């Protein structure tokens, strides 16, 4: 099977994730969409690594997972604290500052 | 390495400014005296420069040159030619009078904390302006000039916006808002001009690789540095725009009336008599030397603008109801004459223009300062609020009249010499423009005499009753100026002798010769 | 000897400086200082004159170089003096008449607390006037030219608290400025043509210049002359100038300053000789003005304004003569001198009358004063006879010569000019007789006529057309006047001048003294009127008699109404200076006001508007752009996403193209 | 590819243990980063073990010492010629130690030190229950206004974690401009971003805004880094490597042996272009260039002011460093593709920032927009693609960071009952109340406006000059125009401070501890020195202007 298809899939997932970020209100969901985008990247990386026959891509993929995990930690911390003080996780409610 | 006289002349007032600013809040009078003494010391230094300068010597004298910012091709290069010497002398001469005239203008209002020191600030700023103006007259490095040309806006800005006439027809609050409007207008106009010039300065560097006026001019002369015509014209326009704003040339003039109207008389004098001169001076020194072809290319347009300034400014002066605005528009008209003289490209025109800068400085100072004394008495700038002052304060009226007569360039007073030279110089090359410009002298008479008639003559207005005549301090300010006006009107030779060689140089830069009189030409 | 020349000017200049800067402490002696210094200048003049007579006519001119004034390139202006016969004539006239009038003023201004300053101004005037006639180049002459203008400004407006006076002063200065434009342009033309503007070189080089240039220069000089000498079309200021104290009117606006224009033309003789067109215009201006002034003079009831009209007219004669070229120059100057005597005398007389009549100027409120002020009557009478050209008196000689010359011009021009001159003579006789009769003869119309209050210059009544304010003064005035002769200090100068106006003309004409005296400078050609000199003289006398007769019929036989009758159309026109002021007012003043007002508007809305508009536009744009920043994270993400898309697209596009 | 081949791949990967060559790490040349990261870890331990009372002092001491030591290390390296002659690529090609890297690291470290000073300021707010308080929440976890928070305040808790967080961020920033392969780039990006997200959320006052800022920053940041990562993936796919050098060679086509796979991907420029665009976009997000700038105002406003100052200064430095390296080392071959695009970005950034700033009413937002405009100016220098361009950008960054920190430090001083009085209207007449502070702030504003004799002018001149020499005259003109526009609002603030009457209920100016004073003082000093005598630093920058390949 042509590895290029994996790339198409990756691009698709990335776009889905991006779209999610743009259309979903709940911060958690938005964040999950970002994660989706990251994983799309992983897929692309792995596919490329496969094509080039070297391991760099796969290594990056591992790093990405770690980074994603770290982001989860930080992100959830922030989102939760926001939720606790506002009783809402909607990113649209968080619009005190504008103009 | 001789004593850096030029640097000293500029640094002294700068240090004085710092010292003045440092004077504790309570010791207001001390600050005033300190500032006055410093300005007088600077005057002495300027006098030394005047003496040490040899009119028939090299083009630039007392030169100093040190590395400054290698990466920008900038050297700290100073040097004076006759024109610069005259301007420095004028500046150094006027500042003491400005300080003396503004003696009480900055006594603090009640608002503000104990650390609020307007008086110290006022005089410090004046000295700072003096320092920057002087050094920009001395700079022979375009970058150095540019830096101080721009930097002097800041102290001026604070002087305009921070200190105004105490009394105001709409109360202090309105005065404050109008002041800051005027100040912002002043700063933005000049900043825009300066920034456009910045682009040109950078362009110049890209073309020339350094900023040394002498080097570039030399390279231009002997053809080692040839700019594309279009490039040269763009750069010229960039420079000229900034100077035209500063000068100010129609239609870039509207900041001046506001600025002069809102600021105290001494500051107004500082603006027209000193700071604006940097603009016209720079036209002579930089535009003509760096971009000869472009200058000649632009001459017709500039002459027309100058002509418009002359007539337009005069007509508007006639139409003003506010004394200071009137003087401001009169100045616009006069700057028209100066620029006309510069770009007439004749020795009479340019010597006249230089002389005009000096004389206009003195005459405006005389007129404006007296006007300031008048305004401070009545607490109004409106012409309509005065009348019959000559009855109650004859000396004030007399000095005011002399100032006015100088403004309308009455023969026997200094401005006549310069104005006539400019007119002759222009007429020699552009007769029509010369003739139209001559109409300006009628209008000048009109606005001056109308001003005098409305304020000084006629029956004594009730508010004017018991208006005190000039005090000693004020007389000390005015008398020397008037004496100078008369002296330079009768015997301007000292100045012309210094200026002429420099002008000859400048003319040779633009490869222009005075037109021959027909009779000789026919022979 | 020539080093004394500077002294001529220095003396009065010193006086002016001392008196004006001296302050109140000099109030007591100020007038004496002024008078003495004026007299000193006169003495110096006489000494120089004597010295000059000693030399032979051809090289009487003296020259004194003081210092180089404005040296710039080819433009070399010096402060240097030239004293030749022409200048000398003026020097004597100026200093002589000037000194007399100083003396007179001592009495006339006695009650004015600002007398010191008055004398300061008078001295200033003398200095400037002397500079004018002594300068050896046009630029220096220009200085004197404007200097006298300034002095006249200060003196006309001496009673500044009177709006009318202040206005008149301003008007005089402005109108003169218009003339000055002419002078400065003339100087520029000379510079570009000859490369110099000193009398000697210019006048020698006239041959080399094109006639067009010379005509231009001539016309410009004429313009200047019109301004200073109140010739049509720049005559409007002279009438109002009578707002000034009477001695001023006598000295500046009759004897000396107003004749400067004639001096200028005669001085530039060579230029005019080489520019016939310019000469023609000059003669026309002169002719028109002499009629204009005469007509105005007929209608004025204000004694000073009547005299002013006559001054205008007489100077018209001089300009006419000057325009005739070599045949006229000498007579122009001669008439100038004689006129200086009798017109000054007449004005001083008028002043003396006003002095005795509580400063009343309206002749309709005079009448039968000859018994009350005999000396004034006699001196004034002699001046009157002189001016109307009564045979044997000075006016007769000078004016007659001019009329002859006018005819001698030849051709139709000659006839027209001569005719005009004759007509002028008739009218002169008419209006002067009118003045004479209304003032000194007829019933005493001032009886139970409340006039202006005692000699308080502050409330000197403004001339009739100044309306309400003036009439208030009159109404507020106290009782009827008590005419009386003026003090000796005033009468003596009048007597001296009267003597001058009687004998000067004869003295000059016998043996053509004056011609020989001036010839070396101005040149002289003997004019031959087509109808013969005798005939001209005869007709001159005839028309003079005619004029007197008419005037007597009008004002001598029947009583003069105290309130001016409406009068004929011409009369009314003449009262209003032939509507010239109204014209100026409507066209220049109103038009100017509109222009300036609209310009102020333009400056504020257009020029300034553009700038403020730009600023406002920026603000608006900013305000609109701000909206994008709506606070929603997701819309930020959208902009990022879009941005990324654009970035990618653009990069790809770059590669594509 | 066949299964056996894949298997072979695995087997080649798994060598006998003893044969694994340990990677050689040049600890000396990495020392700055290592010191800071190590200190950060120590800081965490401090949080864990040191009693609460002395934590603050321990943390401040530790951070300052660490940063100072790191700075000393940077100086040492530079003096040792690692900036010029001995510059090279270390850590198995992961990190470059060269002029730009060291210069920027030095700048970042100084910014970090000043940042620590402002973080540690405890005199501005009145002491609560006898405990000195700083700008950070007593207990970030507890809901604002809740009992737990009150308790925390009563107990005198303070969020001393901010210091290790700052150290981590600095550590990341140190690597970011030095990163020499895409992986390191990405990791560094995250390492300095995540702590910043947290720091934004822990304001003592206006916590809601602070948290909102954090959320926005975090989400958008993550979004952006996702783009970056995808871009990295594409570049990797294009070049078959993440090493800058290799990619550059592939782009130029000067790579040594070309595997068939590589040959295949090399042909596909779309990979390269799109990938490059996406990576660049991630960096533009960090520098706050239009249209990726929209987080800036909100975050700057919401975050605790000391954090804003530090962030505004250091992030820009690091991000521009990375951007420079990427464009000059990896993508010079693509110059003709990205230059026009960057032109456009620079122009809209300059104009956009300047124009929108005109109507701002909050001082922090104002400064945020001004920072956007400045990003545009710096981009003008980046576009030059000449050594002068690099050095001018370096100089500008150095100058700018100090002005920024100083300015925000001043903002912390102007306070009223509600904490910092950031609304412009409250600054009216400040010049009357406390001339000194107003004057200092005016100096900073003038530097922002680029008035001569301030560092701002020198920097602006440098970048414009470089741009003009690089043939980007148009940029210069636009830059000049937009600085004219920008001048308008800086002046507005000055007018407000000096020419308007002070309000009776206006804010007071707190007298800070020497810490903030130092920060401000250094800011002013640097601003003026770089304005009057910039030559030395220009030399430094131009010496440091060469990237190692």
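Chains here go by letter, A, B, C and D, matching the order in which they are written, and residues are numbered from 1 within each.
Here, contacts are C-beta pairs under 8 Å (C-beta built on N, C-alpha and C of every residue); 3 or more make two chains touch, one makes a residue touch a chain.
Note that this is a predicted model, so its numbers are computed, not measured.
If you take subunit A and subunit D together, the chains in touch with both are C.
Between B-C and B-D, more contacting C-beta pairs join the chains of B-C.
The chain with its Cα centroid farthest from the Cα centroid of subunit D is C. One finds 37 Å separating the Cα centroids of subunit B and subunit C. With centres defined as mean CA coordinates, subunit B is found 65 Å away from subunit A. Chain centres here are Cα averages; for subunit B and subunit D they lie 46 Å apart. Put simply, the C-alpha centre of subunit C and that of subunit D have 81 angstrom between them.
In subunit B, the residues touching two or more other chains are 188. Residue positions of subunit A touching 2 or more other chains: 18, 21, 30, 91, 94-98.
Looking at subunit D, residues 215-216, 219, 223, 227, 297-298, 488 sit in touch with two or more other chains.
Chains touching one another form the pairs A-C, A-D, B-C, B-D, C-D. Contacts from subunit C toward subunit D in the complex involve residues 615, 618-619, 621-623, 625-626, 628-629, 631, 633, 635-637, 639-640, 642-644, 646-648, 650-652, 654-655.
Against subunit C, the residues of subunit A that register as touching in their complex are 18, 21-23, 25, 30, 91-92, 94-99.
Residue ranges on subunit B touching subunit C, taken from their complex, read 185, 188-189, 250-251, 253-254, 312, 315-316, 318-320, 346-348, 351-352, 388, 390-391, 398, 405, 410-412, 416-417, 420-421, 423-424, 427-428, 431, 434-435, 438-439, 441-442, 445-446, 449-450, 453, 456-460, 490-493, 496-497, 500, 504, 514-520, 522-523.
Residues 7, 10, 14, 17-18, 21, 27, 30-31, 34, 37-38, 40-41, 44-45, 47-57, 59-60, 63-64, 67, 70-71, 74-75, 77-79, 81-82, 84-86, 91, 94-98 of subunit A are the ones touching subunit D in the complex.
Of all residues in subunit D, only 391, 429, 431-436, 446, 451-453, 457-458, 461-462, 464-465, 468-469, 473, 476-477, 480-481, 483-484, 487-488, 491-492, 495, 498-502, 533-535, 538-539, 542 touch subunit B in the complex they form.
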